[in-house]
Amino acid sequence: MSTIATVRDTEMISARVAVRRRSVTRPLLYGALVLCALLTMLPFVWVISGSLRSLDEIRSDPGAWLPAHATLGNFTRLFATEGFGGYLVNSIVVAIIVVAGNIVAASAAGYALAKLDFAGKRLAFGAVMAAMMVPFTAVFVTQFVITVDMGLADTLAGIALPGVAMPMSVFIMRQYAMSIPGELLEAARIDGAGEFRIFFRIFLPLAGPAVATITIMSFLASWNNFIWPLIVAQSMSSYTLPVGLAATSQAASHVTDYGLLLAGAIVVMLPVLVLFLFLQRYFVQGVAGTGMR
Amino acid sequence: MTTTVARRPRGSRRTGVAWLFLAPFAIVFLLYTAVPTVAALGFSLTDLRGTDLRDPFAVDFTGLENYLRLFQDESFLRDILNTALFVVVGVPLTMGIGFALAFALNTGIRRLRGVFRVVFFAPVVTNIVAVALIWQYAFNAGGTVNKVLGAVGFAGPNWLDDPNLAMPVVILLGIWRNFGTAMVLFLAGLQAVPQDVYEAAALDGAGRWRQLRNITLPLLLPTTLMVSVLLTVFYLQVFDEPYLLTNGGPLGSTESVALYTYHQFGSGALGTSSAASFVMLVLVMLVSVVQFRLLRPRA
Amino acid sequence: MSNLSRRGALRLTAGIALSLTLSLAGCGRSDDAAATGTAKPIDASPATGAINVWAAQGDADVLDKVIEPFKAANPDVTVKFTLIPNAEYYTKLQSAIAAGKGPDVAQFFPESQAQFLDPSILQPVPDGLVEPGGFFKSLWDAGVAKNVAYTVPWYAYTYALVYRSDLAEKAGAKAPATWDGMVPFLKALQGAGAGHGLGADIGWDVFNGQDVAMYAWQAGGSLLSSDGKWTLDTPAMADALKYNASFFTSGVADPSGPTFLDSQPYFVDGKTAAMITGPWVIGQLDAAAKKPGWTASHVATAPLPAGPSGGTSFSAGGSWGVLATSGNAAASWKLVRYLSQPGTQVAQYKAYSSLPAVMSAWEDPAIKGQPLLGAFLTQLTNTRTFPQVSTWQQVATRLGKEMEAVAKGKGTAEQAAASVQAYAESLGTGTR
């Protein structure tokens, strides 16, 4: 596939490629990206603006871009909501369980499906794909019955368990693993390393981008999950954040407190964005950095 | 002198270990997917209502009646078409935008990558209820979109009230929400392409577009397959966007199969709801199998 | 280690599916065991133990405070409230019932609770717990199935005509008493300066279906015959659909607006001059107008105009039931009894503006002194319950969607009625 270049040649190539890239199209590209970014952000302007307006102001002029009288009232009311701290803690605990489970369990399954040869492999992969396609509405009642029978109703474990090895995570890891060359792993095997050692010490460090993707996706799924935690909880002390906010967001009968809703939307969004920011460098790590022989 | 001992090949089959790796997933799968799915199949063959579950064997077995009724219901058939439209238009657009952005951020520019990544991923992360509210307001007859159009001389229609225009708006919301996911997945996939491959190709004189076509895209096939399948599976079950924007209207032009199922469940019709879910499941499976065939990496 | 061959896997799956199917085929619903109509009467001793209450977020937000006197009089009881988001309330309740793990007391909505009225789900209301005649009749009836009462009404609402009294005065128009007067009245309001006479409900869902059902009653039709057959394809239903559509075809209402956020601002600004809505708006219009006292000088209410067969409306609100699985039925019923006492009903009104389901509570000065509520009281005494069958919600939703087609001129009323009838027949009545 590729001719093997000497180290010096490679350096020269990089320099030349770099020069070629510094072309006129770059500013245009930046411009296009900025435009896209602005368009993407447009709805957020409203969400942020709305969260800083009082409910009365929203009702009397819903379409305005900027608040006439910016106020932090929605946020103070949000944080003062009875039980808010508890909802937040619940969401965090559930998310940690789910993410940990996905990083280990789903990665392991995806790795096995991609890199190991074994009996029943096709069946297992078919099961993963099928699991991804089963609609939630078809299964959640039975899932709840099972949860109750296991004694996990109204517990955070009960909320977290179904999401602890998401088929999507398995799928993502499998696809990514397929593009990692097998020679490294074979070499380790020949050297006598056990399978678990290979997985944890050699494969996982290489799989940075996939692990980062799985982390953010499973965190997102868990953090924004609404119906399932609502059903599993038997008392408000087990509510996660989205459920708790929905259960306290009406100002008066038959009226939704839009200001509170929008403030809640922002608060719920922030941890995921922070996590995403934190995971940024793992997205750019790659096989490139491993010094392939 | 060497003796050749007939040995069992050290075997590339590591079945025991492999299933150990699979064990946690397998347990969760059995408990929370396999059993409930089989149960749901059973429900769909009865006239079960939500209240019968505590004594499920005391309901009437109705065979395929639920399914027959579904396929005789015009609105269900229409909903399948709606969902198909959403997928056929939404998936390629979402993938295209996601890939373009991932490629631009990966190779096109150097600075501010992190910022752009966060900005483009933000829609994935937002609370759909809040965003749908905003969207509804923007596409109102007197909303922002029409105000902007009015400024350049167009009289904007009432988007969400026109059976022909509501779906495009719903699709637009879906694309806006999800292109960030596609971008992130493609970004991860692009990382797996080693740098020296590009460099060697450049050494051979290949231009940027050649590199893209002959190196990047082929190597990206597993990722492309994954994004395509994930998005399709996701979009076939689309619920939030039509529910929150238009609740399936106007005149049912945006109602998806998932929304139909939800309405059935809310009325306690568990048998019908399960049947509709199964139809959706079968559709999803069929489409996925097709995709796997089409996008299979040629060795 | 034997491979699970593909054929073997298929055989296994087929086997499971077959045995499951066979076992299901062997069953069927047994004939009803008649529900015992009476339960042990509840005495006057203090309640003890724990009571778990589930309620939809909204009117129940204030319950903890409203029952302070109850908690004081029953020191040995702990009442725990769990508030559940409105839109998912029934979903959560049904899942809990399915899994056998629910609360002691649960809130219900009279207009949609038929699916729960069964002894396997709810305990029958004990004899003598409450005085059925003290409630608005349709609210009490909404909890009765096969002559057994399962729920006790809590709060009530119905729809009435809420309109701009200043515009009506300007136009010299009076609230319409019959159907024929409705469109002219709204046109007059429009003439006096409103953009549209009516700000109609354009959700085209189950709420519209309920409206049409109510108009069908007013036109002399019924929805379900006494022997349990759907009677939706009738001239009365067609008249109801045409009447509702006339708001749009005559131009006094816009089939695409105003939407949720706008309905009150539009009313306040005069873009619309009337709404067919519930009593909650009365307390909210001042805020929308940003002027205290605006409502008193600009708004009037009237019962809905009568059709050929009268001005019957539907009743809605909240109700309470005690689940069959409850381990503390005695205390639970005592709480329900407390919530239905006139004093508590008034306290609930003062805390949240929930209108009482108990008729005598309306005599309280707090309510009697609010002139705009008079129309709702009049209307509440002239209400009926929707068909007490579990498929009503689905049928009503379908009716709402058909109404949209008629309102927008995409179908005739007769076609819509026939279509709903066919749909309802295919669903049946879900009775066991």
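Which chain is which? They are A, B and C, in the order written, and residues in each are numbered from 1.
Everything below uses one rule, namely that a contact is a pair of C-beta atoms (placed from the backbone, for glycine too) under 8 Å apart; a residue touches a chain by one contact, two chains touch by 3 or more.
Just so you know, these numbers come straight off a predicted model, no measurement behind them.
Taking the mean of all protein Cα atoms as the centre, the chain whose own Cα mean lies nearest is B.
When you average the Cα atoms of each chain and compare centres, the chain farthest from subunit B turns out to be C.
Between the CA-based centres of subunit A and subunit C the separation comes to 39 Å, rounded to the whole angstrom. Each chain gets a centre from the mean of its Cα atoms; for subunit A and subunit B, those two points are 15 Å apart. With centres defined as mean CA coordinates, subunit C is found 36 Å away from subunit B.
Counting partner chains per residue, subunit A has residues 62, 119-120, 140-141, 145, 258 touching two or more of them.
Touching two or more other chains at once are residues 1, 91, 94-95, 98-100, 261 of subunit C.
Shown for subunit B are the residues that touch two or more other chains, namely 15, 50, 53, 137, 140, 265. Looking at the complex, you find that subunit C touches subunit B at residues 1, 16-17, 20-21, 23-25, 27-30, 90-91, 94-95, 97-100, 115-116, 118, 120-121, 203-205, 255-257, 259, 261, 390-391, 393-394, 397, 401, 404-405, 408, 410, 423, 426-427, 430.
The residues of subunit B lying in touch with subunit C in their complex are 15-16, 38, 41-42, 45-47, 49-51, 53-55, 57-61, 69, 72-73, 75, 136-137, 140-141, 158, 161, 247, 249-252, 263-269.
Per the touch definition, subunit A reaches subunit B in the complex via residues 1-3, 5, 9-10, 13-14, 16-17, 20, 26, 29-30, 32-33, 36-37, 40-41, 43-44, 46-47, 50, 62-63, 101, 104-106, 108-109, 111-113, 116-121, 124, 127-143, 145-146, 161-162, 164-165, 167-168, 170-172, 175-176, 178-180, 195-196, 199, 208-210, 212-213, 216-217, 220, 224, 242, 258, 261-262, 264-265, 268-269, 272-273, 276-277, 280, 283-288, 292. Subunit C meets subunit A in the complex at residues 1, 3-4, 6, 9, 52, 57-59, 61, 80-86, 88, 91-92, 94-96, 98-101, 103, 261-262, 264-265, 278, 280, 283-284, 287-288, 290, 352-354. The touching residues of subunit A, counted against subunit C in their complex, run 56, 58-62, 119-120, 122-123, 140-141, 144-145, 147-148, 153, 227, 230-231, 233-236, 243, 246-250, 252-255, 258.
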